[in-house]
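Okay, so subunit A shows up in both of these, paired with subunit B first and subunit C after.
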Partner chain A sequence: MKENIKQASRNGALVGVILGFVILFGLTTTLSEILGDLFRLNSNSRTGNTGGLMLIFAIIALWAGSKAAAFDKSSWKTTLISGLMSGLALSVIISALTLLIGTLDAADVEMRDYLVQLNRQAIQFLLYGRSLWVGTLITFGILLVFSIGGGLLAFFLEDRKVGDLVYEKSLSLRDKVLEFTIIKSYQENPRSKWIGYGILLGIVFLFPLFLGRYWNYIMGTIGIYVLMGLGLNIVVGLAGLLDLGYVAFFAIGAYTAGLLTAPAPIPIQIGFWPVLILSIVLAAFAGILLGIPVLRMRGDYLAIVTLGFGEIIRVLIRSDMMTPYLGGPQGVRDIAGPSLFGLALDSERAYLYLIIFGILLTILFTNYLQNSRVGRAWMAMREDETVAQAMGINTLYYKLLAFATGAAFAGLGGALFAARNQYTGPADHTLMVSINVLCLLIVGGMGSVPGVIVGAFVLKGLPEILRELELYRLLVFGGLLVVMMIIRPEGIWPAPRRMMELHEDEGGGLTQAASLVGDEG
Partner chain B sequence: MSILETRNVTKTFGGLTAVDDVSVQIPEGSIYSIIGPNGAGKTTLFNCITGFYPSDQGDILFQDKSLIGYSPDRVTKQGISRTYQNIRLFPAMTALENILVGAHPRLKSSWLDAILHTPRQRAEEKKALEKAQELLNFVGLKGKGDLLARNLPYGEQRRLEMARALANEPKIILLDEPTAGMNPNESRAMMRFIENLRDELGITILLIEHDMKVVMGISEFIYVLDFGQLIAKGPPEEIQKNPQVIESYLGRGAV
Partner chain C sequence: MSDPKSKKSAGPINTFRIAQGIILILFLTFLSWRLYTVVSSGVYTPDTWVRFALSGLIIGSVYAVIAIGYTLVYGILFMINFAHGEIMMLGAFSGYFVFEALNFIVVNPNTGANFLDTYWILSVILAFIVGMFISAVCGYFLEKIAYRPLRGAPRLIPLISAIGASIFLQNAAQVTFGPQRRTYNNPDALTRSQGWRIPVGGEEVMLTYTGALTFVLSILLLILLYILVMRTRYGRSMRAVAEDKQTAALMGIDVDRIISNTFIISGALGGAAGVMWGIHNGIIYHFVGFIPGLKAFTAAVLGGIGNIPGAMVGGIILGIVESLGPAALGIDFQLKDVIAFSILVLILIFRPSGIVGEVLSEEKV
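Moving on to the complex of A and B:
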């Protein structure tokens, strides 16, 4: 019992400290606006949406209470006490904070000097537009009551009674759905896999028609990151070569496309399609050039050298020396786009289709490579380079091949990127691009093609969706990434093999994953 | 006629001479052993033969062709396979994939074949998979092809490593302590397995071994190394009686 109380109050205090920081950053203000709009709560023009704030406090207290009660759910009394203790700790901390802020504000201390978000209006908002003591008391009450409620809730949801019920219902529902003749005949059809692919393909080719200009542009950006992710997936995910200078190949692709189709700084103008091929070839060639000096390096050393290579390319682009040839900091303008059968492909939608086509092609190539002698050689190298060589694999050749293939995909992405924007400059090719692509691999799941796609959507799409949060966009985004990596270290959609690696103790997953791998082979 | 021969091979690391002027001859279709106390240079000799270490002096001949200057992958391509003292599989690849990697030198399709998914490549893959399956059955791992190598029990990992070495269709196989960590029953099974390799597949075998029961029971001829030097050679009966061998194993004064 004593232990129980200690745990619960510690838990509540922890949530209190975090919530306190969130208040100090002013994140609660923005969140309450969004929540308030969502639930159409009373909005007061003077103080803002205080109903939203109450809702946030209530949800957090509920969650903290149920968490605190999770230590011991033997009787409703213990969970009640846990909820109470957690609520007390939480509400004391937050009330003390609001009291402190309110008192300082009343004493005319300008707190904005220290915390940008804490202006007079925000403080009024925190007190629901009421007096200092009343506002604090409301907060105290909400936090305490809902924390106790959370504790009780945890008891009644014990043994996942509700969860089991939902699960059983969903199972019987699934069985009913499966009895439909269409679905049955679909499942029994040996070609059902292909029908599924066909439907997926149809969706992929139809969805740009329903999107506006802006979202087509965003989707295009995500698509280019998918292309790069697929390339880096071969280098890092399959061959195990940590490449931090990946943006260099993207830049080479973009600049090849730019310089050879724009009127300046080099007065050569060739059609888009041959230039596209040339971009891919040149990027692959650069991949080999980078590969040669780093052939004998492994792990961390390789990462540092490739990092340097990426920076060299960026600095060269910016340098005065290369300005007459590469356009310097101003970049390359008026890059020509493609045309097909005399029809100029210049809308965002047309580019999106082009990018989708490129992605489908690279996915096909990646799949074929992965399940071939070449892919196995790469994986063997990743696992144990010394033994791979002893198995008759020419590791030097396969490393260069991995670099060249990855670079070729990035080159394609770069060329499409430059043509779509009709511009490319040094700002497009910073280290952040390499880091982002590596991140999307890790978030999505290393070595998995669907993982790359999901990762690109999360990493490039989520910040767009989070625009509602304005100032806090990247803060929340960063927080989400941290949380995700803790909860799911293998990525959102990992390759079946990786899933086995990290969850070996789960027997069911093992056989299931084994059968998945069997399908691949 | 010897299939593998070392002539006066020497390998030094700094001031230490790990292999000192060692000459061995392995006839085709035989089972030969190399024994010696820990640190005698047995594994180093293996590493010199497989091209992992360049030898400082001497010559290594495989089917009367010198292997000096060959990288490990080229040595393997000639038809020399090996296993490791501490098992070194590709842990996060499945058993079947491990064997397929072993078959790498015997497959021909290039990256272009793979990308274009040519009929030739598909036919080759299918055949390779069938062969890998056969090997899997041969070493008694039927039905375990889709398990990750690291999830197999120890004894099965040993056998998988053997199957991987066999996938290269070797003419000679170098086994580094194949019965290490095995109980007497498992050791006997491994001995029969090794004899089978020679009798059924016609593969020449050179093994490093510490278990004297295995060495004496299986070998036709034994080389004894101590401090990098060859101190004795001969058939098992002779080696068992050789005072120098007994001394190096049991210490001076034991005779």
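Moving on to the complex of A and C:
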């Protein structure tokens, strides 16, 4: 019982601290706006959607209470006490925070200078537009009551935590969807597989016709990220080389396309198509050039060196020294677009088709490679380099091949990106591009083509829909990466093989015990 | 792995090695020729060189303090704590807030003198304590949340988690504190751009007070850490864990606690570095930890990762080279970072074990 109380209050305190930070991030304000709009809660034009805020507090308290009660569910009394303790800890922390903020605000301290999210309006919002004590009391009450409710709920839901239930439901739903769709059926019947592909292809080629200019542009951006993700998938997912400087090849592609088609700063103007091929070749060449010295390093060293390489490229692009050749911070303007049979492809839709075409080629190529000798060599290398070498695989050669192929795709993506925007500059080639591509790969599922597509839609598409959350996009990405690594390192739609690798020691008691203390490379 | 010597004798000399050697020799020749022409041309007078060296030494000592954080963690967990730069950034912000708060406290209503300027030594100590404490707490939770559940996973997984934590902390700071750059409100006694003037070759070179403070404090921290790791019982158990976790656990060492404490120590060092960075450089923002973090990692690799004295030497060398490099090679000062990263790449290619030599347990190399 005593242990129970301790655990519960510690749990509540942890949730309280996290919620406190969320309030300081200003995330509660944004979220309650969204929730309030969604459920049409009492909207007060002066303070905003305070009903949404109450809802958020209620949900979090409910979750915290049920979580705290999960330690011991022998009777409804213990869960009640757990919920109470966790609720007390949670509400004391949050009320203290609102009280502190409110008091400081009443004393005319401009907190905004230091914590930008805490402006007058946000503070009023946090107190529901009421006086300091009333507002704090409401918060206290909501958190306490719902936490107790959560504790009781946990008892009545028997030995399942609410979160687990949702998670399991979503998993089984996914399985059902998978079973239902073509993906399952084509595994059984080779003919239906082709029909499925045909339908999919038809959808892919028809959907841009139904989208407006803006959505075609967004889809194009997602498409370029899919393209780069597929390229990085070969390097990281298949060959197991962590490349954090992927943007360097993207930049090489973009700048090759830019410099050779724009009138300034280099007065050479060649048509788009030869330049496209040239930028792919140049990027691949750069991949080999970088790869030769660095590919013999240990995995994490490789990550840092590629990161350093990406930064070097970016600093060089920006520097005064290279301005006469690369345009400096202003970048390259007036990049010419492609034309086909004398028809200029300059609408967003045309670019989207171009990108889709590139993606299809890349997928075919990746699939071909994956199931060939080369792909098997890559996977063998990823799983155990020493053994792969012993089996007669020339690891350096295959690593170089992976690096160059990945770089070539990045070059293609860069060239298309530059041509579509008719501009490229140092701001397009920051480290964030590399990180974004890596994120989509990991979230989607490493080594799997559908995973990359899902990942790109989640990471680049969702923020477009949730415009209000733009400020928190990267914050959420970062958290998502960590959470993903802990609960589902293989991604949303993993390659079956990769899943096996990551879960290989599950079930084996001995290996698990060994991995508790030791760690393997 | 049974016979470590057989690995050292590296097998047949292949064309790859030869090509590497030739490239290295050509590169060094070019470098020395360039150095000779620039130095003999006399663009820079001796006092300028001293000035560069001095600023390099100061920045280098900060790099050294950050680098220790990387080296300690790498030595024990064999992972790059990617978020270490962000831990440093949080330390810098904590120090900033301490100075701001103390600036508000008026100790003498008649003159309007505030706490910060009146008791400046106390203020600086307080800033360091708070900064180190906050960073240490962050380091502790970082390990507990982002790294501990992943122990024993393939090496790529914790690295990605670390990158995620780094992005998260950076953006958390941006969202809470705002994207603007903030200026450290130093006490009057530590005004930047003031210091002792030292005559060099007829000219005067200034050693700023903040620079001196930074350098002395860094060296002090490094010495303290060295004693902690090499001379105490606690340090011995740390080294034992770094060498072999399983055996250390069998010897009765609480491995998990040692790892937690390592993160606390490395976080505290990062926080101290952050406060020093703020006091000396003056400008902080949410991205401030990233580049120093990368460079400190370079320094740790330069000295041989896992090697504590190596990280100190590496940091100081990196600071000096980075500061003297652009002048010595006659290139743009904007390209300072390029020099640092080039050093990283070159070291990793030609001497991955660093200058001093890396100290890693056998299973890992």
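FYI, the second predicted complex is superposed on the first by the 412 of 521 C-alpha atoms of A that agree within 3 Å, B and C clash if a C-alpha of one lies under 4 Å from a C-alpha of the other, contacts with A are read in each partner's own complex, and residues count from 1 in each chain.
Methods note: contacts are C-beta pairs under 8 Å (C-beta built on N, C-alpha and C of every residue); 3 or more make two chains touch, one makes a residue touch a chain.
Quick caveat: nothing in here was measured; it's all calculated off a predicted structure.
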| item | value |
| --- | --- |
| First (subunit B), second (subunit C), both or neither touched by A:Asp175 | neither |
| Which superposed partner A:Leu401 touches (first subunit B, second subunit C, both, neither) | first |
| Touched partner set for A:Glu3, first subunit B, second subunit C, both or neither | neither |
| Which partner, subunit B or subunit C, touches more subunit A residues | C |
| Which of subunit B and subunit C A:Asp108 touches, first, second, both or neither | neither |
| Partner chain in contact with A:Ala303 - subunit B first, subunit C second, else both or neither | second |
| Subunit A residues contacted in one complex by subunit B, in the other by subunit C | 501, 515, 517-518, 521 |
| Interfacial residue positions of subunit B with respect to subunit A in the complex | 50, 52, 71-73, 76-77, 82, 84, 88, 90-94, 96-97, 100-102, 104-105, 107, 109-111, 113-117, 121, 125, 128-129, 145-148, 151, 164, 168 |
| Subunit B-facing residues of subunit A, complex | 365, 368-369, 371-377, 379-380, 383-384, 386-395, 401, 405, 497-498, 500-501, 504, 510, 514-515, 517-518, 521 |
| Touch list for subunit A against partner subunit C, complex | 21, 24-27, 114-117, 236, 240, 242, 244, 293-294, 297-301, 303-305, 307-309, 311-312, 315-316, 318-321, 396, 435, 438, 442, 471-472, 474-475, 477-482, 484-486, 489, 501-502, 515-521 |
| Subunit C to subunit A touching residues, read off their complex | 16, 20, 77-80, 97, 100, 145-146, 149-161, 163-172, 175-178, 245-246, 249, 255, 294, 297-298, 301, 331-332, 334-335, 337-338, 341-342, 344-345, 348-349, 352, 363-364 |
